[in-house]
Amino acid sequence: MSEIRVGIVGATGYTALELARLLLIHPQASLVAATSRSDAGKPLAAVHPCLAGRTDVVIETLDPASLATRCDVVMCCLPHGASAETVQQLVKAGSRVVDFSADFRLSSVDVYQQWYKVDHPWPERVGKTVYGMPEYFADEIRKADVVANPGCYPTSAILPLAPLVRDQLIDPVDIIIDSKSGVSGGGRSAKVAMLYCETNESIAAYAVGMHRHQPEIDDLVGRISGHTVETLFTPHLTPMDRGILSTIYVRGRGTADEMMECWKQAYADSPFVQVVEHLPATKHVAGTNFVQMSARDAGSRVVLLAAIDNLSKGASGAAVQNMNVMFGLPETLGLA
Amino acid sequence: MSEIRVGIVGATGYTALELARLLLIHPQASLVAATSRSDAGKPLAAVHPCLAGRTDVVIETLDPASLATRCDVVMCCLPHGASAETVQQLVKAGSRVVDFSADFRLSSVDVYQQWYKVDHPWPERVGKTVYGMPEYFADEIRKADVVANPGCYPTSAILPLAPLVRDQLIDPVDIIIDSKSGVSGGGRSAKVAMLYCETNESIAAYAVGMHRHQPEIDDLVGRISGHTVETLFTPHLTPMDRGILSTIYVRGRGTADEMMECWKQAYADSPFVQVVEHLPATKHVAGTNFVQMSARDAGSRVVLLAAIDNLSKGASGAAVQNMNVMFGLPETLGLA
Amino acid sequence: MSEIRVGIVGATGYTALELARLLLIHPQASLVAATSRSDAGKPLAAVHPCLAGRTDVVIETLDPASLATRCDVVMCCLPHGASAETVQQLVKAGSRVVDFSADFRLSSVDVYQQWYKVDHPWPERVGKTVYGMPEYFADEIRKADVVANPGCYPTSAILPLAPLVRDQLIDPVDIIIDSKSGVSGGGRSAKVAMLYCETNESIAAYAVGMHRHQPEIDDLVGRISGHTVETLFTPHLTPMDRGILSTIYVRGRGTADEMMECWKQAYADSPFVQVVEHLPATKHVAGTNFVQMSARDAGSRVVLLAAIDNLSKGASGAAVQNMNVMFGLPETLGLA
Amino acid sequence: MSEIRVGIVGATGYTALELARLLLIHPQASLVAATSRSDAGKPLAAVHPCLAGRTDVVIETLDPASLATRCDVVMCCLPHGASAETVQQLVKAGSRVVDFSADFRLSSVDVYQQWYKVDHPWPERVGKTVYGMPEYFADEIRKADVVANPGCYPTSAILPLAPLVRDQLIDPVDIIIDSKSGVSGGGRSAKVAMLYCETNESIAAYAVGMHRHQPEIDDLVGRISGHTVETLFTPHLTPMDRGILSTIYVRGRGTADEMMECWKQAYADSPFVQVVEHLPATKHVAGTNFVQMSARDAGSRVVLLAAIDNLSKGASGAAVQNMNVMFGLPETLGLA
């Protein structure tokens, strides 16, 4: 099979960098184009010095028709709103697209507009776009023109929760998700709050009771399990580059051991889901596409723990995994 | 009034260093002795190079009778079990003592022995020693010979929870405490798990469902509020030197605003408790004796957030605060 | 004596925050005003949440005449160029000023304009303003209306070098200064290069062969020693909040021990200079106004090591030390 | 060609972990055995949780004869002294070996014994073992039974210095190397000095004037260039997991541009050496086998800057690169 030609739209951020790194070592894909409004004309390696000597790609301004000709798949790393508009243009020009934004993740346009406070540019496709989690939706991903790449926090919550709710091991409306993320989740734009001296040596919650990943978690766990789900989700900023640990408090009919057993069965064919005996640390999965999950009994509740790399399984690794599925390649190619 | 002469027993760890720093700038106290089994004979400043040129104290082996003669108060920074034994000797030799260990914090010898897995060397004093939280027990601290200095995590949980349970604003048996601590909480002994490259760039839970600070929290919130309390407490190790953030999930009759109002009244005369509008970060209180607390509504629950410096308000700052109360000084002396 | 009333101009950065912290614990000074172009109208504690509950000062727009009336001394934390202009206005309105910028540090207007690429707004005062290093210029500082607060890197280089050059122990034109600074030295403005994920887990040199602190070091070591000095200065950005370590390679007639002896004599009356046997680490002086210095023989050269806290002795601690001298207080007041 | 079967001796440290990671993704090698005195009987993934689910190797006690039968090459990660003894046994049992220790790096037994303070267990091979730097010694590596894998600091110094000395662009006896390393260079044994709270938020020099990598640098740059070389080498511990930046001060006949040109020619066929225009940061090469080098004019000297990942190009990546050369594979296989 010939190489998959990949383009990246919005190539200056951290997820785009991680994506470029993964594509440069992928045996069946090659990075052929990268776009950015702000840095067009510069070599991609000038914007990301760790790519020095590894790619000749020069950043260009976005021309959907041209990209569609030169790429088999486009990875769209734009912010919500802007992304849906570009995805629509790319699809109409004939591209297959993996969309990193939240624009096509939710089932409902109303919920989207309520949480994201913008009109959706392509509402017809909301609820009709596959959620890019091959652990559950590989068949649809295989034939999709657009794949909605999952959010970072949702990945760390949906994977442990979905099978437990589906198998009715836990109460679907008494779930507390306390998530801790590295700073790269906040993006690469120049904001005082993301400066080294603001976030280093400090941990804090943010967006308490109002983070947009909460409806995404509820929607997806609901869709996968067939039950109505209500979670309380609280994200925290942690002084490290990458990684998400979600500590999830559930109540139910099962013990921690039974929940681990449920996971082992649910994910027997999922190469990136690891059910482990030890308590997962984000360092154990840094730079990998794995999620490590474990469970512990604690009084009348069970505590679930799930660790991912927010830039890999939480973003760009998942995108490559989706690309592999879209093009009929082994799911793990270039990711092991 | 003449200076308070202070001795430190177990002077080589991080809490002892923080204590030495605080005593060196205290206008009415002076550090006159320091003991350690392992480093006797060395200048204290050789073990803690940041004290270079600031103290002439030489580490000695522990002699309770001698210490009692030369000190008005002894700060005992030994591990549990060993501490109770030494505290007993010091008291019998005539010292007043602030004990940093857990040995005299709980109400019940049985609960102590169940969680700490040792026989208590001085069981008569368990349940009869004041808990060193001047926000609640200043009168008893004033006349105490032994003060049980609070645990770091418990401080960050008891202060927000106690008034809410007492005023029946929250359900006392549906409380989840998700705490994140800097690495100094793990002490200064040579363990692989505490190496830089093990804990840096990583966050992980530990002792899930079985940390000894859980019974301490339940006991104290119960004592202060007059209600039976059951919490689920999960500590996490966070890649930073110092700081604890506790994210506490409660359910009850009140809104976040009502809970903030309850705190403002409860702590109107407590100079170190700050009820703040912003979401507290551990960096905001690093190096201070303050606790910053805030609350947010989140669906059917309220999320409480409390940040302290684990080495200061969570250990040595609290000890100095207790010392100030014991000797009739203003509570904030040397701590503002 | 009545309290010194202090105003801060340019109050939103990290040096201003450190200054506010120091003033809040100073027994003879009080912070009475703070100005900023961008945040006028906000409480100072809203811009710096770690000041919550500790100061009522509200940020105002700069009015030199008004400030001069209400303050005994103004600390000016503006960038170079802008600072000289404001300092001139403040002095004309009757203030005494400690200037944190480089505008009045150098001896020569030409050298200033060559390195800083701006016309100097008040050239008459260049070369006639005292350099705020009380270890050498206390007499002039005492009566000065303007004190040029030293640069952070220069402090870590001038203190070890000046006495050695003066006593002709080292060759004054074969000096290499390799300095490593924490990220707070880069300021608090929103720049991509200062984001957490750019600087964390990385060390790099910057401004090699062209950093503006090099002429300041050469000028001051020259002035103090009476010899022409030429250094090669290379700064590095290090993943930590605060601290500067300067590793200085010199060649000369003396051994490391002789150089340490020279320092001990030169700084016998300088309470913040510590000549130590151990190799200094920035952590040993973090949060203090001390410099720790040591020397080691290494083949035909001697390696000098000096550690300071860039925000304290390298900026705001030095400013308070200067203020103490200006107002006839003990040099260490509020800084021990 | 069939897979190269690899064994790791001394498998519990950070270099061994990095090696295991690299071997698990290498297309032509497989990790078949791992030994350790302390953890025999445990799965390798229990000692290194980030290997969970990725390898079934169980740690065994070292049996050289058995290893030699089952492995085509053994990677020996033991400390100096112990390593030479084991290497000798392995070679006699028929293994090819990559030795991570310093035991076979130097030319002279006397210099070895002077700096390492031990008798050399196999002195006959000192000076007759190839130094594992394929950029210079690929032909000998190809046929070697033992390859002395380079030290981490030396790699960052030899690569920039050797061609400049050889081409007489710099003075070979006026070279100052100021190196900054991440903490993983200090190993994984339980020492107080390597605890998180000792090294975090701090930078310090160590072993000034007496680090064992200095004779290695002098020896190798001398061997490659044909000139007698004397450097002054000072290592620093930097608060980050991995990475080395060496800032090298040289004096000579050439400009920075001429030195960059010399490098480009010298390393035209060296896929891992990158001569870059920007100032290298350790983050740019983290997790890769690249060295990034640049040069800048600075007065009468030139400043050379070289960044590597100490665990990869500074240890395990170099070992895999050597293995590739030993077995006739493309030098970059599994490392791009």
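Letters A, B, C and D mark the chains as written, and numbering starts fresh at 1 in each.
Criterion: a residue touches a chain if its C-beta (ideal position, glycine included) is under 8 Å from a C-beta of that chain, and two chains touch if they have at least 3 such contacts.
Worth saying up front: this structure is predicted, and the values here are computed from it rather than measured.
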Maximum distance between Cα centroids and subunit A occurs for chain C
Comparing which residue numbers subunit A and subunit C contribute to their contact, where sharing over half means same and under half means different, the two sides are same
Dist(centroid_CA(subunit A), centroid_CA(subunit B)) in Å evaluates to 40
Subunit A and subunit C have mean C-alpha positions lying a whole-number Å distance apart equal to 45
Distance between the CA centroids of subunit A and subunit D (whole Å) is 36
Subunit C residues touching 2+ other chains are 198, 200-201, 239-241, 280-281, 283-284, 286
Within their complex, subunit C touches subunit B through residues 24-25, 49-50, 52-54, 201, 274, 276, 278, 280-281, 283-288, 290, 292, 336
Within their complex, subunit D touches subunit C through residues 176, 178, 180, 182, 198, 200-206, 208-209, 230, 232, 234, 236, 238-243, 245, 247, 249, 279-284, 286, 296-299, 301, 303, 305, 307
In their shared complex, subunit C is touched by residues of subunit A numbered 14, 183-184, 188-192, 194-201, 239-241
